[in-house]
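First chain written, first letter: the chains are A, B, C, D and E, and each begins at residue 1.
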Amino acid sequence: MKEEQGERDVIIETVARVMIPFIQLFALYVIIHGAGGPGGGFQGGVVFASGFILYIIAFNLAGGRKRFPESANTILSSVGLYIYAGIGLLAILFSFGAAQYLNYGFIPFTSHFEENRALGMDFVEMGIGITVMAIIASIFFDLAEKDEKQKEGEDG
Amino acid sequence: MMEIPETLKPLFALGCPALAAILILVFGRRPNLREGVTLLASLSQFSIILSMASRVVSGVKIQSYLFPIVPGISFGFRVDAFGLLFALTASSLWILVSIYSIGYMRALKEHAQTRFYFCFALAILGAVGVALSGNLVTMYIFYEILTISTYPLVAHEQSQEAIFAGRKYLAYLLTSGVFLLAAIVFTYATAQTTDFNPGGILSLTSSSRSTLITLFILFILGFMKAAYMPFHSWLPAAMVAPTPVSALLHAVAVVKAGVFGIVRTVAYIYGIDLMRELGLGILLASFAGVTMIVASLFAIAQDNLKRRLAYSTISQLSYIVFGVALLSPMGITGAILHIPFHGFMKITLFLCAGSILVASGKKNISEMGGIGHSMPITMLAFTVGALGMCGLPPACGFVSKWFLGLGTVEADSLLFLAVLLISSLLDVVYFFPIVYIAFFGDRERGTLNLSEGRMMKEAPLSMVIPLSITALFSIIFSFPNPITSMLFDLVRLAISH
Amino acid sequence: MLSFVEHLPVLVVVISLLSAITIFITGWINKKTAWYISTATLLSQFISSIFILHHVMTVGPIRYRLGGWVPPWGIEYVMDALNAYVLVILLFLGLVCVIYSKRNIDHELPDKGVSFYTVYQLLITGLCGITVTGDIFNMYVFIEITSLSAYALIASRGKIALKASFTYLVLGSIGACFFLLGIGFLYSVTGSLNIHDLSLLLPPLYGNRVVLAAFVFFIVGLSIKMALFPLHTWLPDAHAFAPAEISAMLSGIIIEISTYAFIRVAFSVFTARFLQSLPVFDILCWLAAAAIIIGSVLAISQTNLKRMLAYSSVANMGYIVLALGLSISARKAPWGGLNPSMMHILNHALMKGCLFLVAGAFIYKADLWEIRDFRGLGRRMPYTCAAFVIAALSMIGIPPSVGFVSKLYIILASIEAKKFFFVPVLLLSSLLNLIYFWRVIETMYMKRVEGKDSAHTSHELHLQKEEIPLGMLAPIWVLASLCVIMGILWLANIPIPLLNQINSTFGLGGIR
Amino acid sequence: MILSIDLILLFFVVLIAVAAITLRDLLSAVILLGAYSFLMALIWVELQSVDVGFTEAAVGAGATTAFLIAAVSRTTRWEKKK
Amino acid sequence: MEWFIAKIFAKYNYWIFIILMMIGFYGIVAKDNLIKKIIGLNIFQTAIFLYFISLGAVRGGTAPIVDEEIIRKGYVYANPLPHVLILTAIVVSVATTAVALSLVIRMNQEYGTIEESEIIQKLGEGGMTRTD
């Protein structure tokens, strides 16, 4: 990636500007479409994060940090995991202990058991996607940032 | 006093020192209270053990098993005559040594006194536990507690020499503990039990001769606490410890625990008949005989009083082993009697050595010329002890040696009788010079060298009284009286099965 | 309808994960909350684990189908006596360590508290996961979560710890890959990943070379993770330079959970019958014997306390593996089967946990690493040193401590198995333990402080007491006293019915 | 699956793996590792596992390579001779 | 001979998997540079994934994607379970790589080098035993 004072490359910047929205849109598609086709939360999350990485490579680190501050990273990664782990707990709660953990069919999104199950899975995929996106991005930040604030990498 | 249920008595007897140890730690900063606790514990322990004596004499074996460890072995106690004898010796001497050590430690302003009393109590716990335990595993547990808890006592000085002595002490004794553990495990593997049984437990098994002999050697290596040669060198080294420690632990509790273990093994694990059949008695007796004589020869060469006493201990312990190894009733009687008798006599000697050290700062025999004039009571007591050691009346050593002599005759072995007599003669050779120097030695030389302007006088009363008592008992034991007859009853019970 | 207890196996894992996130978030707002959340979580997990154990003991194994999917396809969590027992040990030591860490982390890792507790909780998640899962691939995932957290936690100390952590990472990853490969081989012949299912599908295939290869890959992979002798090279540095509570967890729990995984694979996926047909366990015995002796000898040569303890861990893994290796041959005796190894897993956790925490206390209070610097410590930190003495005596094997009991049982097992060679090995190791632990005790209590040789009364006055805070002392003493209490309980056979239940799960164990 | 494509891909994978290990220019090695991952992803797609191929393309060729490049840029570009 | 060649080439995927594993292993063991070690580790892991995928592959099958047409026509499709496993394993591998890289970067800060032998040398100079 480029240093802050380095010269800017018009071609790369332009390509990045055009590409990043598409990459992120594609990522969302992959996340949502995970249950029935190739893809899922994890892949989508990685693709989404690769948008950020492209941004950082094309522009600069500080700008990337501004777009995606540490606080957002913290909140997003936690929220994603909360969704992922919490949905499973909801199954137990809504069935008053009758259903197992992760048995999404018991969460009353709709009145149909199978539909609930599919919806629950979508939520879980979303949770994973958010977390993975946040964590991959933050790992990249941590690896690339040259400040002396030493942090160890988060582990997904 | 509340009556304690009989089966709980062994537990209470062990509870006294355990509780005392905790209280000593609690009252670490208040010397009077701390030492009061020690005294109280020793007294109550003795009375509990004494109260068991009357029952045991009437032929009852007090048993209390707490819980099974593995099938066939329970953690528990079984008080028989032999164990009780050792327990009585250890606990009664604890009282006297407690009184004595209060005087000794205070007079010399020793450091780390709390640790001293704490470990002392634990060591007594170990010794009495060894005496009362009903099987080898229980015994092993207490045996190791005894080893560990005496280490801080040996290394008490914390000088280079003391640390080295402590290291040596541990190296020898824990190594032997490992052998003992191996022996116990193999015993269990062959006999499926480790209970002490008067007829022996191994005689019932169908193990090969060589296995049994190997196992016996393991056992003997395991009881290195008995300080037989050539594994004796930890004992003289350990004499750097404060005198009460040497007295109680290295003349009574630790070494006696080793000897006690050997006797237990010979009589209660192997059984006399099996021993005779395997020819192990001769082996053991030769070992013991060699140790008796060689250790005496070593003792002659020592100038340091405590070291000389240490070598004397090595020699005397072998008397006990020797007596048992004769495998004759008289020999065993002598051996068993020698346990309390030697305890009382040797402790007298050690206490005297300590008193001399406290009163005059002298350690070496050659410097003690004429000391008997300034410390008459101490040196009289010393003389009594020395007489006993040599097996001369009126001290009780005579009685036990008499029985040992009868034992050799019974075993039809003139050679062993000769060994016994030579060894006794050697005892005279190394003990009487001390007595002679003390009373008739060159007084000028002795006092000039060391008194540093101080007037020599007797040690504090708290030291003189215990040593007088032990000396007195050493004489009393050799005359018929209720105590002696109780002892004899116990011994008779112990050998009859 | 599932009862509440039957939900607990999965809740134990999920609570831990949720608490990791919560610590992350709340720590971002207020750093002080991290410890409280972590402690509360571990406490509740520990209580749940006791409920689980009770349920397993009284009612029977718990089978929990995640998401309601039927086992060969869905993931199943299975609690039987073995993992309920291990779970209790693991959460207990985890709780003790986290209580200890309150003061220690402020000192060892200033400003890193939040990330420490987050990753710590992830570590606990992974460990619990390994324990509760009944699916072998799921186990792999949890092993990796555990290892990743462990790498990060070790590295958190900085400097040398980085190198140690990297070595651990590389070796650990290779081990995990082997484990994965083993899973792949098994999957290729059976088409199943569920442990129970595998145990039913495998017996007709026992002669199959793929199955044998899978077994070998499992053994090698897990041997790296549990630092069995020739593969132990990552362990000493990692244990020595991690923060104290992580050293305690590494030595007391993490390598032992790998042993648990090994037992699970060897006895649940494969069975005792399969193991009997192979000489693998005999070879393991010899490796373990080498580990015991060489680990102890290397420990003697160390001058740094924590490194010494680390090598001692190598030796102690040797004990556990030796006990495991004997378990098949000595299956019928009351002390045969898994009893000695199960015993030593608990015992080692208690002893080594205590010792590492004490070593941490020395670093905390006086920045002491080297054994020779411990002169006079017995007076400066009397309670800490007393705890060290108890745990060290236990390691040496003085009765009635836990170390004695496990040694006794392993010896009995080796006699029962007619493998007499291991008896002297065990006895010798006891002496070697004595040498290296006694050196420390002697320095702490007996060596005089330099320059004060002449008058010992004066140095008593000179040295003031400098005890560690109660928050650190209490965990140390809990472990130290348990070293003795558990020893007596073992001798009194009180926990033995549990072990017998474990044995009977695998068709081992005897008559009692 | 198609044997020839399969074989060609596998051949290149091995070649690139060897090159990635032996090259002393770390940046090139890292980029080669990206290429390796990408080829691997192709093989997997070809072996009917679109899902995994997709993931490997995103993660192996994408994220991992980005991480490695970041790491190389912060440390050193050249491996030292032994 | 032909039989032999056929036998060897029938499972060419597995041979490649073993070769790749060895290449990766060589990278881990023989290379002094830490980043090279990580590259080796990656190759090692990927090789194992290749093995898993080869397991699931079915000759003449299709990708295991739920589609009305596939089910209706009764196509053979590859076993999807290994794929799920490998997805998870890839997650693990990228996490491992990330942790390893962050370790490497911090070691570079501490010691100014990423060559293992030099780091060990510096540790030796600074006295292995103390950390601060």
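Assume a contact is a pair of C-beta atoms (placed from the backbone, for glycine too) under 8 Å apart; a residue touches a chain by one contact, two chains touch by 3 or more.
Quick caveat: nothing in here was measured; it's all calculated off a predicted structure.
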| item | value |
| --- | --- |
| Set of chains adjacent to subunit A and to subunit B | C |
| Set of chains whose contacts include both subunit E and subunit D | A |
| Required minimum of steps from subunit A to subunit E, each step between chains that touch | 1 |
| Chain with minimal offset from the mean of all protein Cα atoms | C |
| Longest centre-to-centre distance from subunit C, chain (CA-based) | B |
| Most widely separated chain from subunit E, with each centre as the mean of CA atoms | B |
| Intercentroid distance (Cα basis), subunit D paired with subunit A, Å | 24 |
| Centre distance in Å when subunit A and subunit C are each reduced to the mean of their C-alpha atoms | 35 |
| Subunit B-subunit C separation of Cα centroids, rounded to whole Å | 43 |
| CA centroid of subunit B to CA centroid of subunit E, Å | 69 |
| Where subunit E touches two or more other chains, by residue | 63, 65, 82, 87, 91, 94-95, 98-99, 101, 103-106 |
| Sequence positions of subunit D contacting 2 or more other chains | 50-51, 55, 59, 63, 67, 70-71, 74 |
| Residue list for subunit A, restricted to those that touch at least two other chains | 38, 40, 42, 136, 139, 143, 150-153, 155 |
| Chains grouped in pairs wherever the two touch, ordered by label | A-C, A-D, A-E, B-C, C-E, D-E |
| Contact footprint of subunit A on subunit D as seen in their complex | 50-51, 54-55, 58-59, 62-63, 66-67, 70-71, 73-74 |
| Complex contacts: residues of subunit C adjacent to subunit E | 137, 140-141, 144, 148, 151-152, 155, 157-163, 165-166, 169-170, 173-174, 176-177, 180-181, 183-184, 187-188, 191, 193, 241, 303-304, 307, 367, 369-370 |
| Parts of subunit A lying in touch with subunit C, wherever the complex brings them together | 71, 74-75, 77-78, 81-82, 85-86, 88-89, 91-92, 97-105, 150-153, 155 |
| Subunit A residues touching subunit E - in the complex, by the definition given at the top | 36-38, 40, 42, 136, 139, 142-143, 148, 150-156 |
| Of subunit E, residues touching subunit C in the complex | 25, 28, 34, 37, 41, 44-45, 48, 51-52, 55, 79, 81-82, 85, 88-89, 92, 95-96, 99-100, 103-104, 106-107, 110, 119-120, 123, 128-132 |
